[in-house]
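I'd like to ask you about the structure that follows.
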Amino acid sequence: MQQIKRTKPKTYRSPDASIFYSVGIVLLAFVVLTFIVSLFATPYSPDATDAASKLLAPCPAHPFGTDNFGRDVLSRVMSASKYTIFISVAGVAISLILGTVSGIPAGYFGGLADRGIMLLGNSIMCFPGILLALVAVAVFGASVTNVIWALGLVFAPTFARVCRVGTMEIKELDYITHARVMGVKPLRIMTLHIFPNLVPQLLPATVIGLANMTLFESGMSYLGLGVQPPDASFGKMLSDAQAYIRVAPWLIVFPAMMLVFYILGLYFISEGLRVTLSKGGKR
Amino acid sequence: MKRFITRSIVAVSALGLLVTSLAGCGKKNADANNCAVVGITQEPGIFDPHTVVAAGDEEIIFNVYEGLYKYDHEGNLNPCLATGVEISADASVYTFTIRDGVKFHDGSDLDASDVVYSLKRASGLLDGQDGTALVSELDSIRDVTASSDGKVVVTLESSNSELLSYFTTGIIPENYDNCQQAPVGTGPFKFDSYNPGQSVILKKNENYWQKGLPYLDSVTFKVCADMDAGLTELASGSIDIFPYLTTDRANQLDSSKYNILSNGSNMVQIFALNNSVEPLNDVRVRKAINYAINRKDIISVTMDGAGVELTTAMSPAMGSYYDKSLDGTFDQDIEKAKALLAEAGYENGFDISCTVPSSYLIHVNTAVELASELKAVGINMEIKQVDWATWLDQVYAGRQYDTTVIALTSTYAPYDVLGRYKSTDDGNFINYSNSTVDELLTRIPQTADVNERTALYHQVLGCLTEDACSAYIQDPTTITAVSTRLEGYNVYPMYVQDMSKVKLAGN
Amino acid sequence: MQGKAGYFVGKLIELLVTLLLVSLLVFAAFSIIPGDTARVMLGPDASQAQVDLLRAELGLDRPLVIRYFSWLFGLFTFNPGTSYAYNMSVGELIAQRLPVTIGMSAVAMIMVILISYPLAVISARKPGRAGDQICSVIGHILFAIPPYVASLLLILLASSVFSLMTAGTYVKPSDDFAGYIGCLLLPSFAIALPKIAMSFKFLRSSIIEQRTADYVRTSKSHGLSDLKILVRHVLPNSNVSSITIISIILSDILGGSLIVEQVFNLPGLGRLLLSAISRRDFPLLSGIVFYLAFITVILYFISDIAASLADPRIRLK
Amino acid sequence: MTRHIHIVKVHLLTLAFPTGKDPDPKPVLDDVDFGIRDGEILGLIGNSGSGKTMTSLAIAGLLPEAASITSGSIKFAGKDLLEMDPKERRAMLGRDIGMIFQEPSTALDPLMTCGKQLEEVLTAHKDLKMTPEERHKAIMDMLETVGFDNAEELFSRYPHQLSGGQRQRVLIAGAALLKPRLLICDEPTSSLDTVTTVSILALLKDLCHKLHITILFISHDLSAVRGFCDRVMVMKDGRIIDRDTASDILTNPRNSYTAELLTNARLDTRILGFEPATVDYSRSPVLTAKGITAGYKRSLFERVKKNGGDEAEDKNVLHDVSLEVFPNEILGLIGGSGSGKTTLIRSLLGLLPHEGTVNIRSSSTGAIFQDPVSCLNPAHTVKWHLTEALRASGKKTAGTLKERRERTYARITGVLEECGLGEEYLLRRPNELSGGQRQRVAIAMCLIQEPSLIIADEPFSSLDASSSAELLKIMTDINRERNTAFLLITHNIHIVRKIAPRVIVMSNGRICEEGTTAEVLGNPRSEAAAALLEAERLIHGN
């Protein structure tokens, strides 16, 4: 006698982590594959100039066109992926190390040490990155290394914050109390007991850090402080290309595409991680 | 929800505002009547005609101050505040006749005492000065006096036949010492205001001694961060004149709105080789580098072909002082370069670095092209970008570098161009040392005869080429975009903007 | 009340120490990097004698430490010094540039809020629907575009598609306020774009999270409408958690404006900063850095205060 | 209006969560069919996942969006709720149907004062057309009804300034404000301590009688419905499998599942066989604490912030507490929440700065904590935990690396087995273990350090009855076989009565009573002890 009633038919559930992963991995794989291939071979030498064939639009010989030096953009994009990936990974590694080494003790011990470390972090965050890059150039000489150091230092406070807040939460949990009762030394507590539990929070931060570093590096390139010519990173290629935006848009399109792929890939993976980890936490 | 709706409304209206105001933006400077806006890339800072050294300052104050003599856009040195000069036979006494009827911007009349004061000030002879010349080239002046018939007599320490071109130094009112804050000169435009980092505004000098000039009521020199920023401003119509463009950028402009003028700049772009570091201290290596590079390609890449190839330290724009016989000495010859390197013991090449100022894109690009070309002969050149201050400190003053790329600017005085190759000169940052050249350069100012001097200059150039003291690349063409709404603009082969003859098109 | 005052004083001391540390860092950086102020001012063609003359005139021959302390002393007497390069008071120079930087940041911030907030609310109401997904993906792409590339594309778009000219036209607020805001809109938009994405992402997930909170269920059981729950409970709560992110975005925007004004050729603090660095103008540079640090620290300070005002728990925790 | 015997009639209700992948999943509610009589208190009992919460949400109309009712009907006072317009249904909420939930700590908006939130109930129903004064009056009346003496003060308080019991009262006030005919209570007491639970239940019963509110009472604990509900239904897997009057179900369960639930609820029947070791009180104590005075030391910053806040903060402070634990002894420590038990433990363990002396004879003291979720490090395996504990004990053994490794392995598996876990658990991570198993690993971690004293802070409070029983058995076994002393903090008087020879009662940061268990629990002298016993009696009926 009763009609079957459906309250709001709805088939959607919050997106699966696997969707994020697959999109992210496809995008990232594209960039990483380019990078791996570039280690062995590029169609042309990425630095070889050829005044005769400058600013060629994409054609069979140069699928991505050539730049104002007559260099093959495809080859340059490939070799740029190397620098972009290397710089972002190494930079994140440095800031991750600096951040955890300062953030965890700050959160664990609190008090004056915490104040001091956070003060230093805030000061660095207020300090213009460009000036820092200049200092790095002066101290380490003009090379990729100085870019990495500068980036590592600029981003370290972000990681320190994540670590500090996470540590402050975790140290109140019973298992840390238990470890203290058992007589485990603070250093061991911080490294073996707390750090592994920060990983879920650090992972997305790391992925976002990779993306942010890439952007920051390109900003530095724009001011001539990033990768030194004739080497290229995506950011540098973009800043070099801006003068030709009207006559040779391919100079901007392809590096921008790769940059967007790289960052988008990273973001999707971080999103997937977030979903996975938040589910894991609830279980 | 009410809040949300309000916010949406604000958002939409903001968007509307965006569109309408953008439309308004473009019109701002275009209808400015009888005014012109010139884009400059160097921040001005010094307006004192005697302490000014940076080229960027000079391009503005050229319109404010005038000297006894003045260059025109063809490089001719013409009488200006002087009507003529008599030079003694040994070239140690210069006697100038001062022009009548010239008024300073503050209304006072120009007379000999003003000239004496100005020249003394420039050469450091005023009471209270320690004798160091503000204009270092005028250091050799021993005394300046006004003769009874209103002429000005300049006596030199020693004979110097090359000094006339430095009497372009600006003349200021007697005992006036506030040129930095409130410049007062006799030029076609009066100084109006300076907004650091933004603009310098000049106003018409109604009492200019050349009747009918200038045409414009005011000129604004607007600071642009770099060439590309200037280009964007040109494209958006907010500046009328923008010099120092490259051809490929100039080509992006709408030709109905802008005329593109090009002219030799009388600059010498040099691939400077530090003569005192290994392996560049070997003349064979330097020659090899000269043979290895392709100047035409460099010009093509950096200036889109708009440049004159150079093989020696002087631009052909210098006329007779330039030695045509040296043309083609270093045409690209890879085999010869390799042979020379092998002879010097570097058959497998070597590693050097090139320190370039990051603010000059043309030099950075030149270095990139050079690095690519040098690779062909086995020389591995690493490029290091440094900022301008570091470059000046480390490379120019400190001379701590292997190679660098820079452009040497000069006035039309040939001595200006070549003086730096004296081994003791402050500007000899390439550490070049050749006793013959030193001797020649000492002799030149003492030689009164022009032809003789020219021959000596040719000898110097010959030595420089023979020693391959560095690799000279090009005299980059100055490409200037001028709005079609203006006419009468002349490109100078110097770092100046002469606005006196510019007027609105059709007037 | 005494407690509040103590809190402020504590924060203020923290602020001062941070600023001091920043100026010390700038000073240290300056003693490391090569370059001579006088030489930069005079250019390569000046003789060494001229350079030395200028150095003495500017007081550059004194040791750096003494120069630092005299600068610091000047600061305490509210005199940030005179710029070497511009021969003008640093305070005046900064004041001239402030309208651009502050205006651009403010307009960008308003854009971030005006655009991301409604989008986040709409997206979060039906998470996972097509509209939400599209917003999220576009957000991610926007995030991936560096601001200066966005600026270039915007300039290109504005000039070629809409044939509007924007770059380089700066109108002083005192001359024409509407024009001033107008010329800041496009550059502000370029800075705002990635931040819109960031704030959208954050607000959206925060709203979604708050919507599942227990008190929402309580309010539903009290018979409140969805809209009322959204406006009275969900949004205020997600605002509280957004205060920190907003302050981070604001300081990011401030930093971003320094680069974007370069592309748009606007006379803001960023160009002054770069010029101070490249001219080795210590009083000017430390003045600007000090000022920017001050703003940043103040922003965090304000966000702390705002958070404590908005969230009763913070006051008493 | 006609009176209906059944105020709510749920007829053959079937509910599922269809997804894109699985459009026809196993129903969460399967032909649920029951009625709620006007004026009664109906208990709905079941384990988590049995569908009892979904049933209540379906009646209230607050189902998650993904849920879909595939068949059946729900009638409220004769009207079919499922046929109704959503707006109409929403209008019923708060007015005809009130609801309170399990977790009072999060059920109130932290940014809004209690009074404002209560006022929203009145403003949400626009047709009431009450003036602000009328609204205020109504709220004050209701706050007094739910037992607040200081209603005016409470009106302007924020939720975080209230205790759990107070918050639950505010929520009840909100739900009962418009005197709804039906009040759905979804586990309203499960996160409250026994004393508070008793008072909340009394309040609900009072509301039922005074305001004539029908109550649907949902709980996972059968014993909680004793003396409270009129009728009880038992749910399992989305079906109602048993229904009867409360007294019948509790005394004479007909269904085997109900019987099982009932046994689980009564922990005491299982622990009868557990024998603690005999204690020799003449031996010197393993732990001596004298004159412990402690408070949470706050940073300057916090103290500054606290000024002008509420003074209740200073409650968690110990005043001059002295105690001794003898070898082999299981010493019970009982007290209501906020009595200072946890602060005492933390002081004894040296985790808090305190005055007075703590003298622990043996070098190692083990500790087990309340929360089975956070007691183990989620990043590591069971094996790692035990190895780490062994390492931390500092007992080094000689031999080659291999020998030591084997010895370690033997010891780890040994203690693990002692705690009732096999070798297969070694490589599991905490999220693969149940709460009881995790607490057992925590005990194993203590054991491997061979302590003479283990301090256990409310280890049972979050465990179900059978897990608690197993844990207790392990503890008594350890106590007997290893002669390990226990200091057992709990609010469960049953357990103390069965296994602890001696007991200490705490209240307001002081020890208010101390003596043998029989003495203290048989004839309490202090008020605190008496209150604890009374609450226990009311709930569990001993």
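A few remarks follow.
Order of writing sets the chain letters: A, B, C and D. Residues in each chain are counted from 1.
We adopt the following convention: contacts are C-beta pairs under 8 Å (C-beta built on N, C-alpha and C of every residue); 3 or more make two chains touch, one makes a residue touch a chain.
Nothing here was measured: the structure is a model prediction, and the numbers come from that model.
Common neighbours of subunit A and subunit C under the contact definition above: B, D. Counting C-beta pairs in contact, the pair that comes out ahead of the other among C-D and B-C is B-C. Chain geometry summary: the mean Cα position of subunit C and that of subunit D are 48 Å apart. The geometric centre of subunit B is 38 Å away from that of subunit C, both derived from CA atoms. Subunit B and subunit D have Cα centroids lying 84 Å from one another. Chain centres here are Cα means. That of subunit A falls 44 Å from that of subunit B. Chain contacts: subunit C has residues 33-34, 262-263, 277 touching two or more partner chains. Residue numbers of subunit B whose C-beta contacts span two or more other chains: 359, 387, 390.
In subunit A, the residues that reach two or more other chains under the touch definition are 12-13, 134, 137-138, 223, 242, 246. Contacting chain pairs (ordered by label): A-B, A-C, A-D, B-C, C-D.
Listing the residues of subunit A that touch subunit C in their complex gives 12-15, 115, 119-120, 122-132, 134-135, 137-139, 211, 215, 218-219, 222-223, 235, 238-239, 242, 245-246, 252, 256, 259-260, 262-264, 267-268.
Listed in rising order, the residues of subunit A touching subunit D in the complex are 2, 4-13, 110-111, 173-184, 192-193, 196-197, 199, 280, 283.
Residues of subunit C that touch subunit D in their complex: 1-4, 6-7, 10, 213-215, 217-225, 228, 232-233, 236-237, 240, 310-313, 315-317.
Subunit C meets subunit B in the complex at residues 33-37, 39-50, 53-54, 83, 85-88, 93, 96-97, 110-111, 114-115, 117-118, 121, 155, 158-159, 162, 164-171, 178-179, 181-183, 185-186, 189, 227, 230-231, 262-265, 267, 271-272, 275, 277-280.
By the touch criterion given at the top, residues 60, 62, 90-95, 97-101, 103, 106-112, 117, 120-121, 124-125, 158, 160-161, 171, 174-175, 300-302, 304-310 of subunit D touch subunit C in their complex.
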